[in-house]
Structure formats: C-alpha cells, structure tokens
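Two complexes are shown next, each including chain A; its partner changes from chain B in the first to chain C in the second.
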Partner chain A sequence: MKGYRALARATAKAALAYRLSLLLGMGAVLGQLVALLAVWGVILARSPVNGFTWPQMRAYLLVAFAAGTVVSILGDFRMASRILDGDVALDLVKPIDYQKARLAESLGGLWIEILLIAAVIGVVVALTGGVDIPAGPALALFAASMLILVPLKFLIVYVSTLACFWTQNFMGVQWARLAVVNLLSGALIPLVYLPHWLATAAQWSPFAGLTSTPALIFLGRVHGREALVLVAVQLGWVLVLWFGARLVWRAALRRLTVNGG
Partner chain B sequence: MPIVEARGLTKVFRRPDKGTGLAGSVKHLLARRYVEKVAVDHVDLSIEAGEAVAYVGPNGAGKSTTVKLLCGILVPTEGEVRIDGLHPQRDRTTVAHRIGVLFGQRTQLWWDLPVAESLGVLRDIYQVDHATYRKRLARFDDVLELGEILPVIGRKLSLGQRMRADLAAALVHGPQVVYLDEPTIGLDLAVKDRVREFFRSLRDEGITVMLTSHDLADIEGFCRRLVIIDEGRIIFDGDLESVKDSFARERILHVETAGPVPLETLRASLPGAEVTEEESPLKYAVRFDRFAMTAGQVVTVLATLTDLVDFRVDEPSIEDVIRRVYSGELVLPR
Partner chain C sequence: MRLYLRLLGAHFRSLLEYETDFLILVAATVLMQVINIVFLAALFAKVPAINGWTFWSVLMMFGAVALAEGVGSLFFDGMWNLAWMINRGDLDYYLVRPYPVVLQVSSHWLGINGLSNIVTGSLMIGAGLAHSAIDWTPWRAAVGVLLLISSIVIKVSLNLATNAVCFWSTSPSPMFAFAMHQVGDLARFPLSIYPVALKAVLGLALPFAFISFFPIAYLLNTGSSRWLGLLTPLVAAYCVGMAALIFKRGLRRYESAGN
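The block that comes next holds the complex of A and B.
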C-alpha cells in the first residue's frame, strides 16, 4: 500500500512541477466549455431541442466539464513513452502490480483536479446563474456515478495505452481514443442528439459512463430503475475492463521486445 | 545452490521484414512477412552467491537480452530461469525484492522530481524502513558522493550524476543479485573510477554481481569469472585470470638506454624474445613470453650491455584477448 501511495504522491508532485502546463491544459478544457456554453446558449435561446432547455444544457455541460477534468492528470503520457522506449523494463522489476501502480498514479492528481473543477464551476455559476441540484436519492446516485467514473476513465485510458505495445506509436492511439470518447460519451453533444442506433450503442458502451450517465442523472432526465441500470452498466464495465486489462497486459508482456541497452 | 540459474535459455524475436523502399512497405501491408532472430540461443548459466561475473560480447551478441531474461522482464521462448530457486515471472514480486537492475542507457528516476524524492518513492515501493534507508544512503554518499545531487531535479542531472543516482536507485532495497548493464557508458574517467570502486565494495559485501560492459577496464580487478557471448551463444565461461594466463602471456618491456646499443647485440643476448627499436633513439621494445623468462631476467641481461635510464612493462589487457576472440583469431576452450 505504501508504495502505491508514494506513487500517487509522486504524480501529484510531478504535475505541480509543471504548474503552467497544468493551467494551459485546463485553459483548453475551459475554452471548450465556454465555446459549448456560447453555442448552446444561442441554439436553445428560444425553444428547447430534444427536450433540453438552456438551464438544463448548462448543467449538462458543467457536469461534462467536471467528468472530463477528473482523472486527466494522467500518467498516460509517461506510461506510453516508457512502453515505447523500453523503460517499462524497469517497471517490471518492481515488487508492485503494474496496473495498480498506474491506477495509483492516476488517483494521485485527483485532489488537484477537484480543486480546479470547484473553482471553474463556481465562476461559471456566478456568471451565468445557478443550476438545479437534484433531490437526495438522485444526488446520491449522481455521486456514485461520478465515483465509478474515476476507475472507468482510468481503465479506458490504461487499456488504450497498452495498445502502444502493438502500435509502437502513441499519438494515433490517443487521437483515436479522444475521437471515440468525445463522440460516444456525450462529452460534445448529449447522446440523444446522435442517430438512434448510435445513441443506443453508445448507451451500452463503456463510454457513456464517462459523461452521459452522471450528467443525465444530475439533470433528472433518467431516474429510478433506469438510472440504476445505467450506473450498474458503468460498474459492470469497470469490472470487465479491470480483468480484461489484465489479459491484455499478459499478452503485451509476451510481445514485449526491448531493444538496446 | 546457485543463486542465478538459466537452463537452455532461448529468446527468439520476430521482426517484420519490410523489404526496401516504399514498394516493400506497401507489400508488407498486404502480405506480412517476418524474420526470426535468435537473440539468445540455449544459454546455460549458473552463478553462485557472491560471485562477480563479467558478461561480455560484441554489439548485438545478446548480452542485454540475457540480462532481461534473467530479471524476468522478457519471457523466454524456450528454457527457464531460476533466481534463488524462484521463477522470475511467476514470483515477480518476491524476485523483485532480491534483484537490482541498472541499465546504463535507461533511468528509473522521475524526470520532474528531485533525486531524493525519486529514491523516497523507491524506498516506499520496496518497503525499506527509514533507518536502513538512511544507512544505505549514507554508504552510497561515501563512494558515489550522492549528497550533492539529492536535491537536483531528474531532468537537470548530468550523465555522470544521473548514473550515480540510478546506481543508488537500483540498490536502495539491498538486493542480493545485481545486474549492471553498461553501467559506465558515457562517463568521464573520474566518475568511472568512483563507480568502479563502488562495484568492488558491492562484491566485498558478498552481493552477486553480473556486469555487462564494453569497457573492459570495468571488469579487470573486479570480476573473477568471465563469460563471453557471441551471436546468442556462450563461447567461453571460465576464470578471467586463467584466460589472461593462457592467452595473454606476452609481455612487452620498454627500455631507454644511456647510450646506443646495436640491435643485433640486443637480439643475440635475448634469444627467444623479439627486440625492436621504438620511434625515438635509445628506446627499445622487448617482447617476450612471461612463462619463458621473467621481466627481471630481461632487465638483468640488458643491464650487462648498457646502462638503463628507464624501463616499463606492458601487460596485455583482457581487451586484447577478447578482441581476438571476437575476430575469430583466438578460439578459447569451453
């Protein structure tokens, strides 16, 4: 446990060592939030579309922002470059589990991210007006969903980064992941705006749990049994991916060729 | 029981064969072809606790691959490895506590953290208690002068500082077996000396060391056993001194005389040795077999002919021997 905690702390410290880059990265996500708020503000000014009113969309975008910021100070870049240039060899001679170690690193930056989210949401709410907070049980379910989102997001990034063992390249993997995640998670537009078949597929995919599920619960657009099912799907994917990642890792190890030194 | 044991260890890499040019690359997309390269070929190796083994061979001979197989980083295609009786893949965690690895061309320091913090993370990962950790750090500081680099951020270290910090990182958990893969690569002479002194202190503590290096000066005076690998196969495994005895028996005595002596006179008085003139006048080189005569005898003979101003004996280095083995000029008995 101590080793994992040390790794978590090291990631946070390393992230804070690059405060400027951290802020610039935040700036990019913030820019996207402001742009989306502006666009939807115009679209929904007169009448709701697909059942979304302007205040609802604003709440949706804020949840999407929070969901997008959580677990974003990832070790994924370090992990990928260590796989690509073979330094992963040194991770393999450590007496700790590789997957858990990477999870610890992802969790290390969580508190920084939560502080940033709180600050941004505070400012947006102050400037554009408050959002409706759901009632007790829905709020609890929303909190649970946000909590499950943390390992889910880590696992999606982790498994896709393991692809570097095969692709020998990280940029392509990262872009492909961002494209798929942005579309199928509902981070850019709510899933109801997608063609029906795609929306259904996305709903059951692991990606919906990254934005859509917590956002819809927060807005009260899903409730009761339906909301519970969505959270269960989210949790189910965490379990599937956790054990699936172990299989991928085992296959990756057999493939590992470390050239030179 | 040997602490490191490999039997029939083999690693075959499969590489895409893309042919040449764009046409070759396109063809590879359609019909993938691979070539197999046997990096390590049925290597048997058994190292006793406390031994210091030099593992040498030309570039691409399979040295690093062997080390990675012995650490459990790579899964062997065939054969098996035991570390202290344990399977390095199946018992990865237990084995990890017993081995320390340094790859000279890689670092395990955090690029964005001071060295002290990196070492602290490793201390926690290996669950070393603080008192032991402090003791070890103090020892590293004695030989490696670690103190001055502890507050330096990883990416700001010079190569020599980086290597010293990485040595500490590889040994912070007090491993029983240490693999050092090119540990002095790119270092200046002063740092090399310090690092070599540190190796000797490891050996003196009874730590098993396997050292891979291109710099044979790393080996001399440190390893008693020499293993030579070429094209994935072990071509020699034996005592370093005996290799030197049997294949490096030649000595060269360089002398400077007070006055000129005819070369023929020198040659006539030293039958069995080869006498040549060196570039400057009054300087000669005498090449002899150290088992046929001693340097003292040669000097005595020369002193009867003329006054000697200066002399010095050159021993051939193990490097010469290994170079001759690589080139095929010398075949060592197995």
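The block that comes next holds the complex of A and C.
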C-alpha cells in the first residue's frame, strides 16, 4: 500500500513541477467546451432543441468538461514508451501489481484536476449564468456516477495503451480512442441527438459512463430506476474491464521480448 | 526542392516498413473525420442553420482545416519535433549542413496521417461546394484556388511560429504549439458565434479564422464579413514573415545541449 501511495504522490509532484504543461494539456477539452458553449448558445437562444434548454445544455457541457478533465494527468504516454522501449521489464521486477500501480499513478493527480475543474466552472458560470443543482438523491447518485467514472476512464485508457505490446504506433491507437470516446460518451453531442441505433449502442457501451450517464443524472433527464440502471451499467463495465485488462496483460506478457542491456 | 522531396521520401520508405502501424494511423485519422461529420450531421439534423451557416458550409470549414492540417503533417511534420531536437541539442547537426535549417527541421519527419486528412478534407470541401449555389466564373475559381493555397500557407506558418516558441521554453515537448493547435480548432465553426475577445484572437492575433472561415465566407458570399476573405493571401504573407522572423530569432538564441 505504501508503494502505491508513493506512486500517486509522484504523479502529483510531477504535475506541479510542470505546471504549464499541465494547463496546456487541458487545452483540448477546454477548447471543446468553449466551442460547444458558443455553438449551443447561438442555437438555443431561440428555442429548446430535443428538450434541451440553454441552461440545461450549459450544465451538460460543464459536466462533460469535468468528466473529460478528471484522470487526464495520465501516465499513458510514459507507460506506452516504457512498453515500446522495453523498460517495462523493470516494472515487472518490482514487487507491486502493475495494473494497480498504474491506477495509483493516475489517481495521484486527481485533487489537482478537481481544483482546475472548479476554477473553470467558476469562470464559465460567472460569464454565462448559473446552473441548477439537482435535489438530494439525484445529487448523491450523480456523485456516485462521477466516482465510478474515475476507474472506468483509467481502465479504458489502460487497456488501449496495452495495445503497444502489439503495435509500435501508440499515436494512432490514442487518436482512435479519443475520437470514439468523444462521440460515444456523449461529450461531443448528447446521445439523444445521434441516430437511434447508434444512441442505443452507445448507451450500453462502456463509453456512456464517461460523460452521458453522470450528465443526464445531473440534469434530471433520467431518474429513479432508469438512473440506477445506468449507474449499474457503469459499475458493471468497471468490473468487466478490470478483470478483462488482467487477461489482456497476461496475453501481452507472453508476447513481450526485451532485448538485453 | 528536389532535396526536400528526397529527404521526405526516405522517411516515407521507412514508414512503409511498418505496414500495420501505417494502416492504424490512416484508419485513426479517417475515423476522426468521420466522427466530426457524424457530429455535424447530428447537430444540423435538429437545427437548419447556425447564424445563417448551413451544414454544408460548416462541413467546408471543417474540411479546410483538415486539408491544411493534412498538408502540414504530410510535408512539414518535422516541425513538431523541434522542441525535442532543441532539448537534446540535435540541432547542432543541422547547423553545419549546407541546407536551410528550417527545411531540415520540417523534413525531419513525415506524418502519413496527413495523407488521409488531405483526402478527407478535400472530400468535405468538395461535398460542400457541390451543395452550394456559387455561380462559377473563371475569376472566382482562380480566387478560390488562391485562397486555398493561402489558407494552407497560414496553417503551416502558424505551426512553425508556435513550435519555434520552444527556443524560449525549456520543455522537450511542443505543448505550446499543441495548445495553439487546439485553439485553431475553434475556427472550424463560423466566427460569428464567438464573443468579441475570441474573434480578435482567431482573426488577428493567431489568424486561424483565415484558414477556414473567412475564405469560405467569401466564396459562399455569406455572413457580414464576406470581403475579409480576400485578405487571406496578405495574411498568409504576414504569417510566413512572422514565422521566419520568430524562427530566426530563436535560432540565434540556440545554445546546444553541450555534448
């Protein structure tokens, strides 16, 4: 346990040491927030579309921003280059579990991310107006959903990074993942706007848990049993991916050849 | 020129060695553009137009950005390695070779993803043009080609300028350039939707809007600032000048890593 805590602290320290990189790294998600706020601000100024009013869409986009920013100080690039270089061999001889160690690393920066999210939300709310906070039970469920999002996001990135055992091209894998997640999680556009078949598929995929589920609960667009089912799906995917990742890892290790040195 | 293509050709051959990697990258970039199109289609299925801009016109703006980015990746991708080269002191080798340093840097790598972005971007522009009511005259066609070339020049110059900032920062990765690249993505939407401050940034400070919005507004004759598109070649010349100046100043500051 102490080992994992040290890894988590190391991430936070690295993030604080390279503050500018940290802020610039948020650029992609922040840019998308600004663009989408502007687009929807113009569209919804006249009338609601698909049942979304402007304040609701604003809240949706803010949740999407928060969901897109947590667990983003990832060691995924580092993990990828260590696999490609063969340095991963050194990680293997350490007396800690590889998957848990990577999880600890990505959790380390969480508090910094939460501070940044709070700052951005504060600025957006000050500039464009307030957001309705849901009532007690819905708020609790929203919090639970955001909490489950953390391991879910880690696992999706982790599994896709393991692809480096099969391909040299981490960049391509990462781009593809980002694009798919952006669409199917509902971060780019709420899932109800997509064609029905695609929306349904996305709803049951692990990606919906990355934005759509917490956002819809926050807006009160889903409640009661329906909301509980969505959160259960989210949790189910965490379990599936956690143990699935172990299988992938085992298969990956069998492929690993590290040149001596 | 011939030398430049030969330098790129060498990288191209080395890329072809890794066939699956090549395919993954191409598939990923195509996927990214497909998802952009799905997003736009889903958005415009519910609303006919944003500030007078239809699906096809916004598709053209997305296409113009993709095309300019594609040319930047395919022919000038090495710029993105500048930060790393400065950090490692690798620029020393380039300084002693009898070929302009900028060109050696930009031909240092070839982003094959550029190829798919050029194709998808052109298709998006083509589809947008096919669905627009432009009455084509030779003059308009010639201006269109000139605007297209200028828009690509602007993108490449902005890439160089923002990457050359690495001469002053110590970071081994082009974080600043990458963040500015993200800012540029804002210009894929009609500029009129943004608040004044952002309009000033995208139109003046970092003229990303001249890559997509202004030229297309001129061609489609839509929006309140349609004539500004004609300034695109001037903006391109300005960007080239600024990028060259920043790079030159930066190079003068360069002091190796001391191997």
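By definition in this document, the second predicted complex is superposed on the first by the 258 of 261 C-alpha atoms of A that agree within 3 Å, B and C clash if a C-alpha of one lies under 4 Å from a C-alpha of the other, contacts with A are read in each partner's own complex, and residues count from 1 in each chain.
Here is the rule we use: a residue touches a chain if its C-beta (ideal position, glycine included) is under 8 Å from a C-beta of that chain, and two chains touch if they have at least 3 such contacts.
Model, not experiment: these values are computed from the prediction.
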- [ ] Determine, under the contact definition given at the top, whether A:T167 touches first (chain B), second (chain C), both, or neither.
- [x] second
TODO: Check whether A:V49 is in contact with chain B, with chain C, with both or with neither, and answer first, second, both or neither.
DONE: second
- [ ] May I ask you to name which of chain B and chain C touches more residues of chain A?
- [x] C
Task: Which of chain B and chain C A:R5 touches, first, second, both or neither - done: first
Task: First, second, both or neither for A:P95, with chain B first and chain C second - done: first
TODO: Once the structures are superposed on A, label A:L20 by its partner contacts, choosing first (chain B), second (chain C), both or neither.
DONE: second
Open item on the list: Let me check the overlay on chain A: which residues of chain A are in contact with chain B and also with chain C?
Closed with: 18
- [ ] Sort out for me which residues of chain A touch chain B in the complex.
- [x] 2-3, 5-7, 9-10, 13-14, 17-18, 86-87, 89-90, 92-96, 253-254, 256-258, 260-261
- [ ] Quick one: which bits of chain C touch chain A in the complex? Just the residue numbers, please.
- [x] 18, 20-21, 24-25, 27-29, 31-32, 35, 38-39, 42-43, 45-47, 50-51, 113, 169, 171, 173, 175-176, 178-179, 182-183, 185-186, 188-189, 193-195, 198
Open item on the list: So in the complex, the part of chain B that touches chain A is made up of which residues?
Closed with: 13, 64, 68, 71-75, 92-94, 96-97, 99, 101, 103-108, 110-113, 117-118, 120-121, 123-127, 153, 181-182, 185
Task: For the chain A and chain C complex, residues of the former touching the latter - done: 18, 20-21, 24-25, 27-28, 30-32, 34-35, 38-39, 41-43, 49-50, 167-169, 171-173, 175-176, 178-180, 182-183, 188-189, 193-195, 198
